[in-house]
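Shared between the two complexes below is subunit A, which has subunit B as its partner in the first and subunit C in the second.
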Partner chain A sequence: MEAFLHQVLSGLATGGIYAIVALALVMIYQATHLVNFAQGEMAMFSTYLAWTMIDAGVPYWPAFAATVALSFVLGIAIERIVIRPVEKAPVLAVVIVFIGLLVILNSVAGWIYTYTIKSFPSPFPTHRILGGYVSAHELGVMAVTMGVLVLLFVFFRFTPLGLAMRAAAQNPVSSRLVGIRVGWMLALGWGLAAAVGAVAGMMVAPIVFLDPNMMAGILLYGFAAALLGGIDNPAGAVFGGFVVGVLENLAGAYLVGTELKLTVALVLIVGVLVMRPSGLFGRVLVTRV
Partner chain B sequence: MDMTDRTWRRIGLAALLALACLLPFLVSSYRTFQLTSALSYAIALLGLNILTGYNGQISLGHGAFYAIGAYVAAILMDRFGVPYWATLPAAGAVCLVIGFLFGLPALRLEGLYLALATFALALATPQILKYKLLEDWTGGVQGIVILKPDPPFGLPLDQDQWLYFFTLVVAIVMFWLGRNLLAGRIGRALVAIRDHPIAAETMGVDTAFYKATTFGVSALYTGVAGALGAIVIQFVAPDSFTLFLSITLLVGIVVGGLASISGALWGALFIQFVPNVADHISKAAPWAIYGLFLIAFMYLMPTGIAGFLRTLAARLTRRPSRR
Partner chain C sequence: MRMLGTAVSLALGVALAAAPAAAQKKYSPGATDTEIKVGNVNPYSGPASAYGAIGKAIGAYFQKINDEGGINGRKINYITLDDGYSPPKAVEQTRRLVEQDNVLLVFQPLGTPSNTAIQKYMNAKKVPQLFVATGATKWGDPKTYPWTMGWQPNYQTEGKIYARYILENKPNARIAVLYQNDDYGKDYLKGFKDGLGAKASLIVAEASYEVTDPTVDSQIVTLKGSGADTFFNITTPKFAAQAIRKVYDIDWKPLHFLNNVSNSVGSVLTPAGLEKAAGLISSYYLKDPTDPQWAKDPGYLEWLAWMKKYNPDGNLNDTFNVYGYTVAQTLVTVLKQCGDDLTRENVMKQAANLKAVTHPMLLPGITIDTGPNDFYPIEQMQLVRFNGKTWEAFGKPIGG
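Up next is the complex of A and B:
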């Protein structure tokens, strides 16, 4: 029983990271109805930026803040330069551009920082707390997830800019008519997603270590989380993240072992897509022909 | 006009074939090996192009089928002593079935979601190949080493040359079959499903059957290519079949030309030789170039090399007097 509880708690901690990634995916999906395959590599690249600063002697939290800000700017730049030209293109073209972006970010990171694994510091103490069930880092990750969630909720619910972004995503034509610059709202959405992704990257790097391919599995679980919760529902995606994190840990401990973690994600993704494509809390899409 | 077009194309094909037959005697055996490998890629690219280019189903996971084909060939040769040529139909058949089965749930997934599911498949493939319950068959992380076949009937060729001609014949057969498949009623149905699924259905095209079968056929092509690839490289291991193999195949069809048969050949030459050149700059350079080409082709040349050549040829033949 104790081992079970431990598995659930540490699943919740990794689930927090999946939830953040899922949130970033949902943010871009809501604005553009696209799934960003490069989200993981964007987060990985941001984490390398943070590593560079910390390595140069910047204390953790200033480096954290600077990385989030820098990622925000980079996210906007990517939307403006790379994504905007294919805004109206067919899905295939957009997916190919996303994959191109993934490959470029991955190889540039490998080029600059090499493919050797680096350790990444955690801002939280390493010892275990709460009777040994969770490590302080795991608890810290959960707290950061909650913080990000609350911030985003407040931003989208109570600020004029958040309202404008939601309007631009839901009804671009009317939004343009009332004077919202829809194109820039999309870019802001990309910036926010990149910033949120950067947080996920910095939270997960102490666990999985830093290398250019570190986000592949995490992105996959982020996909699974977003799909499970409903890809157009931010709260659902967060819930999905925690569920998927716990499921992953339990399946790893009792069912298939840790070597098949990605396969569990594959089964989850295909299962959700086939049985309930709109996820647990997503809207059912009805297409008019 | 139509007549001359056709004759020109025949002359071109004959010249290409003659060149293909001469090449192994002109270049080193390492280059021959590379050309063989490019030919096997071309078959895989044709398979992916049938699915993604013609039928519009996005697959980011075709490396998985390439892996299955390679492993079927390696296991049959290594564990059961099956001759190399007999592994190709087996690899094709296994991939046809698995592709069809994967295609069934994929029917419900449109565009983006299919891309997601196949992306997950590509990421999970190396793990599944390493799984310890399959280790007796797959050799786990170590993989399987297989032997290079000798030329039969005492032909005066070395092993690399023989394998080249063997692959060339398989490729010609596969391309000929693919062309016949795509040029007729079935090909038009596939394109109709891609461009307007509802209209296609109204015209009496059995969309579900076509889509699942296309997935199967596409996997068959890729599986045969995988088997050839394994025989050529004489080695299979889980880490050769990562997400990046699937992306390589995607790069191949985008650069070669989506929905084009000759595009598969151009794409194969690209993914075989460009990384070799770029490797001299940095280990990461081939991938940086792949990424740039993916995006640049989507912006500037969405029909790929094949489309570019087609436009060029059309422009040259249309205005011969003004030159």
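Up next is the complex of A and C:
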């Protein structure tokens, strides 16, 4: 029983990571209706920017704020320079661009920072909580995830800019007619997603250690989490993150063995897409034909 | 009469001196009076490009040899190609080296998958696949593959060394094993179980992980739950650091063995936290450049001087630069031993004729020995214990 409890706790802790990555995926999906496969590598790259500043002696929080701001700008730049030219291209072409972006960011990070793992500082205290099964940092990650979730909710629900962004994603033609600059809303969505990704990267790095391939595995679980919760529902994605984390641990420890942990996530993705494509909490999309 | 005798003996002498000299200068493709072509395949791009440091270090060492006049007057022409750690690409690049560049031998191709892919080709073509950069056990099989030879201690040997230590010092251990679910992890596990022999039942729990897993936290929790008091950690650097930290965080205090793959102080133990790594047992055959105990060691200083002059972009904390430097020295030893008989047959013959060879960055007491039936150049390792700052050697170097 004790071991079971520990698996659940440790699953919640990793679930926190999946949740925040899923949140970044949902963010970009809301703005553009596309799943950005380069999201993880963008987050990794932002984390390296933060590491560079901290390594140069900048205190944690100023470096954190600067990284989020810088990532926001870089996200907008990527949309303007790389994504905009393929805006009208078929979905497959856009996906290829995303994958190209993924490979480029990964290789450039490896070239600049090498593939040796680096430790990344945590802003939270280091002493043991709950017998070490959940660290203060992991609790901190959960709190930060919730904080980001609330901020996003408030932004999209109560600010005119948030409303404009939602409108631009859902109905670009009407939005343009009422005077919303749809192109810039998309760019803004990329900026926000990059900023959330930067937060995610900086929360993940102290747990898995910083290296250019840090996000590869996590992104897949984050994707499963986002799909499970509903790819257009931030709260659902966070919930999905925790479910995937716990499920993965329990299945690995008691059901299928550790070899098939990743398979659990993949089965989950396929299962959700087949049974309930909009996820547990997603809006069911009805298109008139 | 006397004159004639002198003349005859002179002529005889000349004939005797000339006969072997004429027979001695023998070349296979890739070797001439002025150069020796050495081919190499390394991952300079892709997921395993961290290993590319080895290929660069080897080139930097050959540069030093060439600056000092080469090997028996011949310069090394080092041709190194990128395979991106992809076996099909490795085959393509190796064929280019053998068929277009006409190299004398292919030296240090890197990675178990890539070497497996080219092994049959190299042996069919009878071109040396010398000192491959992988610790798998299968490279020392001269009967089936006389043109392939490993270099570093293989994973099974290392697993056996730990098993021997446990049987001698903790015969009632309850052992937990964490291993990467691929050839590398299973090779270690096999050696470890073979070493335990009849006592393999001491292993009470095994857990594997995939390289795609974000963390190994769940596995560590499971292993602690088995009640084990001894832990064999068969993981690559990132996962090793995670495991060391998690073991400490959940207050599990096993006798902890860490495989050599991940025992770098600079790139694994420091990120994990040095205080969390105290008490770990591992094994070494090379000197760790990040270990302060070698700061004044002549071998280390020689390496450092070479790094600064010939490999200034290389990372001084990176063990791969020690590895590349040392394995290049072994090849230079072999080529010197070949003298003027630079045929592929003789390269393999001399590679299988190394006796008690030492290099500056090999640990004291570790030597390189090979024979016609012994294609495992380094077979001993030194057990070391981490004291919170550096690895401390204990006991003598031992074999599997």
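Quick note on the criterion: the second predicted complex is superposed on the first by the 274 of 289 C-alpha atoms of A that agree within 3 Å, B and C clash if a C-alpha of one lies under 4 Å from a C-alpha of the other, contacts with A are read in each partner's own complex, and residues count from 1 in each chain.
FYI, a residue touches a chain if its C-beta (ideal position, glycine included) is under 8 Å from a C-beta of that chain, and two chains touch if they have at least 3 such contacts.
Computed from a predicted structure; not experimentally measured.
Q: Could you classify subunit B and subunit C on subunit A, in the superposed arrangement, as clash or fit?
A: On the superposed model, which is not a single observed complex, subunit B and subunit C clash.
Q: Touch check for A:Leu92: first (subunit B), second (subunit C), both, or neither?
A: first
Q: Going by the contact rule set out at the top, does A:Ala3 touch subunit B (first), subunit C (second), both, or neither?
A: A:Ala3 sits against subunit C, while subunit B stays out of touch.
Q: Can A:Glu259 be said to touch subunit B (first), subunit C (second), both, or neither?
A: Both partners, subunit B and subunit C.
Q: In the overlay, answer first, second, both or neither for which of subunit B and subunit C A:Ile104 touches.
A: first
Q: Could you tell me if A:Val178 is touching subunit B, subunit C, both of them or neither one (first, second, both, neither)?
A: Touch status of A:Val178: no partner.
Q: According to the stated criteria, A:Ala56 is in contact with first (subunit B), second (subunit C), both, or neither; which is it?
A: It touches nothing on subunit B or subunit C.
Q: With both complexes superposed on chain A, which partner does A:Ile81 reach: first (subunit B), second (subunit C), both or neither?
A: Once the two structures are laid over each other on A, A:Ile81 reaches no partner at all.
Q: Thinking of the overlay built on chain A, is A:Gly11 touched by subunit B (first), by subunit C (second), by both, or by neither?
A: Touch status of A:Gly11: second partner only.
Q: Touch test for A:Lys118: subunit B only (first), subunit C only (second), both, or neither?
A: second
Q: Please pick the stretch of subunit C from 7-15, 25-33 or 115-123 that overlaps subunit B when the two structures are superposed.
A: 115-123
Q: For subunit A, which residues belong to both interfaces, subunit B and subunit C?
A: Of subunit A, residues 107, 110, 115, 216-217, 220, 257, 259, 261-262 contact subunit B in one complex and subunit C in the other.
Q: Over in the complex, which subunit B residues touch subunit A? Could you list them?
A: The contact residues of subunit B facing subunit A are 52, 56, 58, 60, 105, 108-109, 111-113, 115-117, 119-121, 123-124, 127-128, 130-132, 198, 243, 247, 250, 254, 258, 282-288, 290-295, 298-299, 302.
Q: If we count contacts the way the header does, which residues on subunit A are in touch with subunit B in the complex?
A: Subunit A reaches subunit B through residues 34-35, 37, 82, 85-86, 89, 91-93, 95-97, 99-108, 110-111, 115, 216-217, 220, 223-224, 227, 257, 259-263, 265-266, 269-270, 273-274, 277, 289.
Q: Inside the complex, what are the residues of subunit A that reach subunit C?
A: Within the complex, subunit A contacts subunit C at residues 2-3, 6-7, 10-11, 13-14, 17, 107, 110, 114-119, 128, 131-133, 135, 207-209, 211, 213, 216-218, 220-221, 248-249, 252-253, 257-259, 261-262.
Q: In the complex, go through subunit C and note every residue touching subunit A.
A: Answer in residue numbers: 45, 47, 49-50, 181, 207-215, 217-219, 221-222, 225, 237-238, 241-242, 248-251, 266-268, 270-273, 315, 317-318.
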